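Same chain, two partners: chain A is paired with chain B first, then with chain C.
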Partner chain A sequence: MTRDSIPLDEENTAARFSGALRSVGNAVLQPIMTIVFALLIGVLVVVAIGQDPIAAYHAFLFGSFDNALDFGNLLAKATPLITTGICVMIAFRGGAFNIGGEGQMYLGAFWGAVAGFTFVSLPGPLLIVVIILVAAVAGGLWAAIAGILKALWEVDEVVSTLLLNYVAMLLTQYLVDNQFKDVTAGAPMTTYVANQAWLPQILPPSAVTVGLLIALAVAIGTWFLMFRTVWGARVRAVGTNRRFAQAMGIDVRRVLIQTMFISGAVAGIGGAIEVMGVEHRFYQSFSPGFGFLGLTAALLGRLNPWGTLAMAFVYAALLNGAAIMQIQTPVPNPLVNILSGIIVVLMTAQARPSIARFLRRKGAAA
Partner chain B sequence: MTTTTPLIELKGITKRFGNLVADDHVDLSVAEGEIQALVGENGAGKTTLMNIVFGLLHPDEGEILLRGKPVTIRSPLAAARLGIGMVHQHFKLVPSLTAAENIFLGREPGKGIMVQGADTVRMAAELAERYQLEIDPRARVRFLSVGQQQRVEILKALSYDAHLLILDEPTAVLTPQETEELFHVVRELRARGKTVIFITHKLNEVRAVADRFSVMRDGKLVATVATGEATEADIARMMVGRDVLFRVTKPEGTPGRTVLQVHGLSGLRVDGTPAVRDVSFEVHAGEIVGIAGVEGNGQSELAEFICGLRPPTEGRIDIDGVDVTRQSVVERRSAGLAFVAEDRMDRGVSPSMSIAENLAAPHYRRAGLATRGIVSPGRLRRWARSLIRQFDIRNAQPATPAQSLSGGNIQKVVLARELTSEPKVLLAAQPSRGLDVGATESVHRTLIEQRSEGRAVLLVSSELSEILSLSDRILVMYRGRVVHETAGRDATDEGLGLYMMGLKSDHPGESR
Partner chain C sequence: MSGLPQLVNADLLGALLLYTTPILLAAIGCVFTQQANILNIAMEGMMLTAAFFAIAVGAATQSVPLALAGAILSAMLMSAIFAYVVLVLGADVFVAGIGINLLADGVTVFLLERLYKNEGSFTPDTFPTLWRLTLPADWANQPVLGLLYHMLNGQTVIVFTALILVVVSHIVLYRTKIGVHIRATGENPEAVEAAGLNPTTLKIITVMISGACAGLGGAQLAMATLNQFVREMTNGVGFIGLSAEIFGNATPFGTLIASAVFGLANAVADRVQVIPALNVSPDLVLMLPYVVTLIALTFAMIQRRRGRIA
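Here is the complex of A and B:
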């Protein structure tokens, strides 16, 4: 009976704070362990190709933090990973896998660029807002296609979002090769967006811009949307137990389509940030697969908003570190691809407890 | 029974999980060749205690004597060597393997890596023969019924030459017929000199199968008693620690106006076959109408049609005079409908979400928990806390995930959510399924209170005793039709049973 007499009235602020801290800790600790383990395996690879692992890892791990330029470049690399990671996180919370972040980002970047060189008379801040909105709608509608297909005909969104990536990339390629091509440029790309929409650098001469702040604002806004609004509660109800959501009177199909729209919108905003911050125009193959890298960041972050944010930075540090390592040591850049592969494999180690249980049972049976 | 050395004796076993004392200095003694029931409410510490005996957990204090000799059971493997077998509540079988392969998993006869499949089958068949447990050794486990899977588990335990067999709530997943067969098996095992510990919280099972029973409450062993010396009421009192009302006393009802009206309702199952056929009835304010029937005769679908979770093919549903047949769940809820879904973990709660969010799911706007769609965490927390207090939900904080509560407390969360909007109609489907006596009693009291407050209550249950003790009127469903209607006070078990099995009908003309 003593168990029942926990005082319910006092708000234990300290306990709640430490609880929150613990949950963030848990969200970050496991993926860090995964990465550390992958790095250890990487040592073997470096040794196998006859290089000095200490020198290579020194450049790889600490290169990004040596000076402001390299650190700024790390932040620049993190920017698109934040938005594509958050994109995956939103859909997952609503019970859907969106692996079409890449395509949604392409459409956001393209239509954002179009808006940027069309509404040239608008003042800077307003034009930036317009570009972001246009990009969000473009990415959102693209993702909503998969949402509608799933809501109406149970089309698996894993397949549809994946395939729509290629449609999006080819569509933008077609448009930028024809109607929207800048004829003065040698490669398929649009004309520049109006000068006032170029995002200012915040750590010159590095590549990081105000876009990082926009991405952080999007991440915080997403957290608020998912955990502080009725809509977010509905999304999470659908994501955790669809039949419960139905019984609560939630229109599961509508919420699913809305979730996909918001998820794609965030990816689209990521595309617009790249356009306004980096190339200042849309050009085909502006992304080295940010959509997929963001997917990895989100999964490493256990699909928790803060975890995803943290892992976007960690992953950017790996990417940036690999580039620095390639410059400073003879170890080639693709090491980071090997590490990513190992990380993805290790992430499936979530199955570990059940394997252990299975082995124990077999042990009991023997 | 105490003259000879007990087969197994636990002395002062204590197990703590953090601040929670799961088992508190438990002394338990089980004689060779007896069936001893271990009873207690959910969370009383029964399973923890048995997991200690089976080597899955290690006690913080106390010792275990096997045939008078102290033993340390480090692992299930060690337990098996000592002749202790356990069948868990959730089976641990490989669905894609055959019954025989499951029984001898990891010990397949054969040379090297070559497995002699035929030998496995023969050995399994011999084992089944010896204990008269009929199974098909070649059948793949995933195609077996739950009762048959349980036999495979029992055979697996016996294949280690177990003398002591622990069955953890073995009947929770069984149909009444399968339960009967299990009792037969257990008695058969006793006849062959095996000792059985039978965990349960169902009183009738204690009476049906056990020689003695031990009662646990709040981690302590209350008493060990010979079954013949106790009535079900005695056992319940020991489990709960106070008198338990089996037949809830309810004041004379005063049915008012018609609140729920179902007219000519028909509809299909998920597989497209007819589930409900031309069902009509009314439920009045201040009245409990019980729908009895063997499960699978259309009651679940009827409930889903009324809630708006599935569309019927024909007929009409009115709530307080408003035709809601084509309306959404939200519209029906605002017309005054509340419902307790038949499977708590399926439609009743989202297990991983917090209690507060589970309580608030349909109420954000109505209860003023959000302004312009933005939730006020403080208001949500205070609102949830007041419901937790009002409905006496134990071990609960607003932020606790629903899944960490016991079944009875999860059901309280569901009831709190559904009743806080002061509905006109409450549809309660299998509201006490899987709950222990104490929790069942509390659910029943809540339903009676709702009736006294003038709500119309529609109770759908396959538990006949529940229908009989609560209902003012009873309808019996058989093959999708209402075959019988009677006043609650006139009904008896046997009488309703004939209608439930389709042997009698008020309208014998209409069939199929």
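Here is the complex of A and C:
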């Protein structure tokens, strides 16, 4: 299963190349059009509530780039979206829809935090690596449950990862309410991880930390794994056509379980980064739904690693811009929730045929 | 287990009904969509929208019928968007469903802040009381009537509607022509088409029915006890309903039992917190139905595979 095994048809190379170019064009065009459409609806909403859309959109779209503080906060918001987005991308490429990133992230964050306040004698870099590994294993094993159920008995992974989300969050809530509760804290949370594992800020006073670099490294590592290794080629073969992959001699079940493990591991690492970078301890409901936000980024990025990465930043810019808009203008921040809802609702809609029809009609009229 | 009598008594039955009702309504809605082979991820968002408009319309008009109408119509509007995008524009059902949930969260929080200047919740100063069953107070201390009293007294009209809907949906699905068509749409859309019917129309009907059920469920969540809307107040009830429908194998009566299991877990989890003698974690109680659903689902799939091989 290397790229050499695909026969090269000289005659069709040019056609295939132009086809590939066109599909790249579509892949870039459709998400952008969806975002633009949502932003236009947002203008209508702003006008409907009697506010100035230009002032609101200036803050919304450009506020994040006005100064280092706001830009750093954008980067901080992008960090968890990168990992949860990549988590979705990996599973999807292997033919599974993992919507359990939230739960996998919770378990990664929790067990990462436990490692962080348990192995306090380790030096900083080593402790950070240990925390990340523990979190990866925790998130990975959790996702692997859904992988095993799908591989062995065809249990729908959408349903199982959804159910496992609740189990994971109730599990961490139970643990943080009982055995692992910091009794000196008022709310249910663990004690702090050792000081040497606190990720340093890279653009103070903004919230962005070294965690961003870790997330980027994970994204690049994932790209390499998926697109430059034999294992990745197997995963993608299973994702494209399971029966064909089986005929090629790939152990489809094993690959499926491995894919889910890696997918969950990345989500788990995202949880660990949040723990080490933000609150420096685990507390329940640390995530305002990063799992679903990352899912959005991955889908907008057409489940391509670079697209997912880019869309994590775009999405973070929208989230951050909305917060700035709320401070600078009377338009409420939840406008961005409405816009992201519209974007996700329409994202996979087949708008192109109707647009083509519209253009044709316009051409006929002219 | 010295706290057991404090837990298992007539009041638990009342709490069971209270918690089961919104789950059951969500689940019945999901039964219809599942029969037409649509996994209804959007149920959560439809219910959230309904809960908001129940309170908003009720507070503005001081009218129970209008509050209920606002809840049902707003949820059906969401379901119409969902149906249009998925069934007409051909969007992916999971992605669009997640989108509806995000949209519902956005719209409700935006309006919450815009209309009531509050990011977290809205409690109207005066609100009309939803119709409730009132039983004679002297029943409370009698042997059998007392049980009924604690179970049913003060329950809203939606509770009884939901129970009736279980029977109605069973009849609709298994005893009427449209029910046969809906079930055929899920199992064999080509045959439906060959019979001269439009499977897309039938699917749209099931999504609209699920929207109406979500409307009632959302209204119950908002109006059953506190007459209040809280941000993200559905808190997974739509997904629990979906899980219950899957656990109940997409049949109305199976779903009723499954919903009651989830409702019981919620009722028990709520009460063990105030009975320290029991020493049971509410988190673990709440976790059980999800685990049971997952196991039940797995066994169902194993059975299905065996059937296919044999």
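Odds and ends about this structure:
Keep this in mind: the second predicted complex is superposed on the first by the 320 of 366 C-alpha atoms of A that agree within 3 Å, B and C clash if a C-alpha of one lies under 4 Å from a C-alpha of the other, contacts with A are read in each partner's own complex, and residues count from 1 in each chain.
Assume a residue touches a chain if its C-beta (ideal position, glycine included) is under 8 Å from a C-beta of that chain, and two chains touch if they have at least 3 such contacts.
As the structure is a computational prediction, the values presented were derived from the model and not from experiment.
Of the two partner chains, chain B is the only one that A:243 touches; chain C does not reach it. In the superposed three-chain model, the partner touching more residues of chain A is C, compared with the other of chain B and chain C. Contact with chain C, but none with chain B, is seen for A:341 once the two complexes are overlaid on the shared chain. When the two structures are aligned on the shared chain, A:205 is found in touch with neither chain B nor chain C.
In the superposed pair of complexes, A:186 makes contact with neither chain B nor chain C.
By the touch criterion defined above, A:50 reaches neither chain B nor chain C. Remark: chain C residues 39, 41, 81-82, 85, 89-92, 94-96, 98-107, 109-110, 112-114, 236, 239, 242-243, 246, 281, 283-284, 286-287, 290-291, 293-294, 297-298, 301-302, 305 touch chain A in the complex.
On chain A, the positions that touch chain B within their shared complex are 1, 3-4, 6, 8-9, 16, 228-231, 233, 236-237, 240-241, 243-251, 360-366. Taken in their complex, chain B has these residues touching chain A: 20, 75-77, 79-80, 92, 105-107, 156, 218, 307, 309, 328-330, 333, 339, 341, 346-353, 357, 360-362, 364-365, 370, 373-375, 377, 385, 388-389, 394-395, 397, 399. On chain A, the positions that touch chain C within their shared complex are 45, 49, 97, 99, 149, 153-156, 158-160, 162-164, 166-167, 170-171, 173-174, 177-178, 292, 295-296, 299, 332-351.
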